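What follows is a group of structures, each given as structure tokens.
Paired with chain B in one complex and with chain C in the other, chain A is shared by the two complexes that follow.
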Partner chain A sequence: MIWILDITLLLFLVICAVAAITIKDLLSAVVILSAYSLIMAIVWVEMRAVDVAFTEAAVGAGITTVLFIAALARTEGRSED
Partner chain B sequence: MAGIIDIVYAEYNYWIYVTLMMIGFYAMIAKKNLIKKVIGANIFQTAIFLFYISLSDIKGGTEPILLHGETSTHAADIIYTNPVPHVLILTAIVVSVSTTALALALIIRIYEEYGSIEEDVILAARRKLNPEFSEYARQSEVDSQ
Partner chain C sequence: MSDIQQSIIIRTIVRIMIPFILLFSLYVIMHGASGPGGGFQGGVIFGAGIILYAMIYGIEEAKKKISDKANRILASGGLVLYAGTGLLAILFGGMFLEYGVIPLMPTTAYTAKILIDVVEIGIGMTVLAVMISLFFDISPPETEEDMHIHEEVE
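== the complex of A and B ==
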């Protein structure tokens, strides 16, 4: 584990998490959540959990985003908070 | 003092995991928008996954994939990271997608019924529709004060 890369990625994770819950436009929040999942997959490759990283990149960043966008298409795209 | 610095510095993964978990928990409780609540639940879940994967990592270890075959003379020298938490988390990721899909399906149904995905608007509409619910809500507000 290269600690400087590790800390950078973990800080990106926290920034993405805060951005995803504070932004008012829900489509942007969902895309930021997808970026969060991809960064998480990179962290797991770095921690030598390659099988989990595969699944997270395909399922967490892929299918979850599609589900969220499909739900947003049927509801509202704006949030009050 | 040096002990505290060691704990903060050497186990930064755990601090980040707790931070992410609390961000997700805050979103689930404080945000009024239902989609935001689901996003918070997702962040909460991935924080727990991060904790488990951090537990399984071994310094100087390698990926849990068999090298050189079982009968090799070098087989005993290789250190693998612990694959058991990996398998647990693999299952948990699939479960998290299922819960997200169910939550989003419920949100779509709620939107069809009430025309909004904001929690306070839905609660106000419910109070208007059902006086008993309103009575119950007022009672619980009185109880909490």
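== the complex of A and C ==
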């Protein structure tokens, strides 16, 4: 465990999570969420859970982003609140 | 979207990349028992390869490669493989998914190894079919203009 790397990754994780729920443009929120998933995958590898990291990278950063963007193409793409 | 689909660079790179993505997904599925990976992750990567094709070449074109009917057959076929392997063990007097009791190979460890791979393939088939059909259903329908672009580039 490299604690400086861990602290940096967790800091980025919190920043991404807060940015994803506060931003108004939904497309940006989806992209930030996929960045969150990628950082989360690295954190899983740091915690020696390679299998979970694999799933997080494939599903969280890959398929979920594509499905969210496809769903956004059918809507306005702006948050009301 | 249409600008990206028209780009010759993206079309060529996607065409080159897709065989490698699909090959990697098959590796992940078959390697699942002895290392990181497995049926679910491999199926998701396979689905992502097909979705990449559908995004660039159009959904109608992708449906010619893997139709809704093929999706339905793959999804239910994977379930049959998984449940069938489990129920086969019950038929031979064991518990659900107790591979050792099936007299397929001389040693039980060898039998278990092969049947775990069969189960992984079943999971992979179901996951890839469900992922692809999710994308087909959720993405907006193609307009006349989109169709025209695909014909123009071809």
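Following the convention adopted for this analysis, the second predicted complex is superposed on the first by the 81 of 81 C-alpha atoms of A that agree within 3 Å, B and C clash if a C-alpha of one lies under 4 Å from a C-alpha of the other, contacts with A are read in each partner's own complex, and residues count from 1 in each chain.
One rule holds in what follows: a contact is a pair of C-beta atoms (placed from the backbone, for glycine too) under 8 Å apart; a residue touches a chain by one contact, two chains touch by 3 or more.
Here the structure is a predicted model, which is why all the values come from computation and not from measurement.
Of the two partner chains, both chain B and chain C are touched by A:Ala71. Once the two complexes are laid over each other on the shared chain, residue contacts for A:Leu10 go to chain B alone; chain C is not touched. In the superposition on chain A, A:Asp51 contacts both chain B and chain C. After overlaying the two complexes on the shared chain, residue contacts for A:Gly60 are found with chain B alone; chain C is out of touch. Put simply, more of the residues of chain A are touched by B, taking chain B and chain C as the two choices. Note: residues 50-51, 55, 59, 63, 67, 70-71, 74 of chain A belong to the chain B contact set and to the chain C contact set alike, using the contact criterion stated above.
Of all residues in chain C, only 1, 28, 36-38, 40-41, 44-45, 47-48, 51, 55, 131, 134-135, 138-140 touch chain A in the complex they form. Every residue of chain A that touches chain B in the complex is listed here, in rising order: 1, 6-7, 10, 13-14, 17-18, 20-21, 26, 29-30, 33, 36-37, 40, 43-44, 47-52, 55-56, 59-60, 63-64, 67-68, 70-72, 74-76, 79-81. Here chain A touches chain C in the complex through residues 50-51, 53-55, 58-59, 62-63, 66-67, 70-71, 73-74, going by the rule given at the top. Listed in rising order, the residues of chain B touching chain A in the complex are 12-13, 16, 19-20, 23-24, 26-27, 30-33, 35-36, 38-40, 42-43, 46, 49-50, 53-54, 56-57, 59, 61-65, 81, 86, 89-90, 93-94, 96-97, 100-101, 104-105, 107-108, 111, 116-118.
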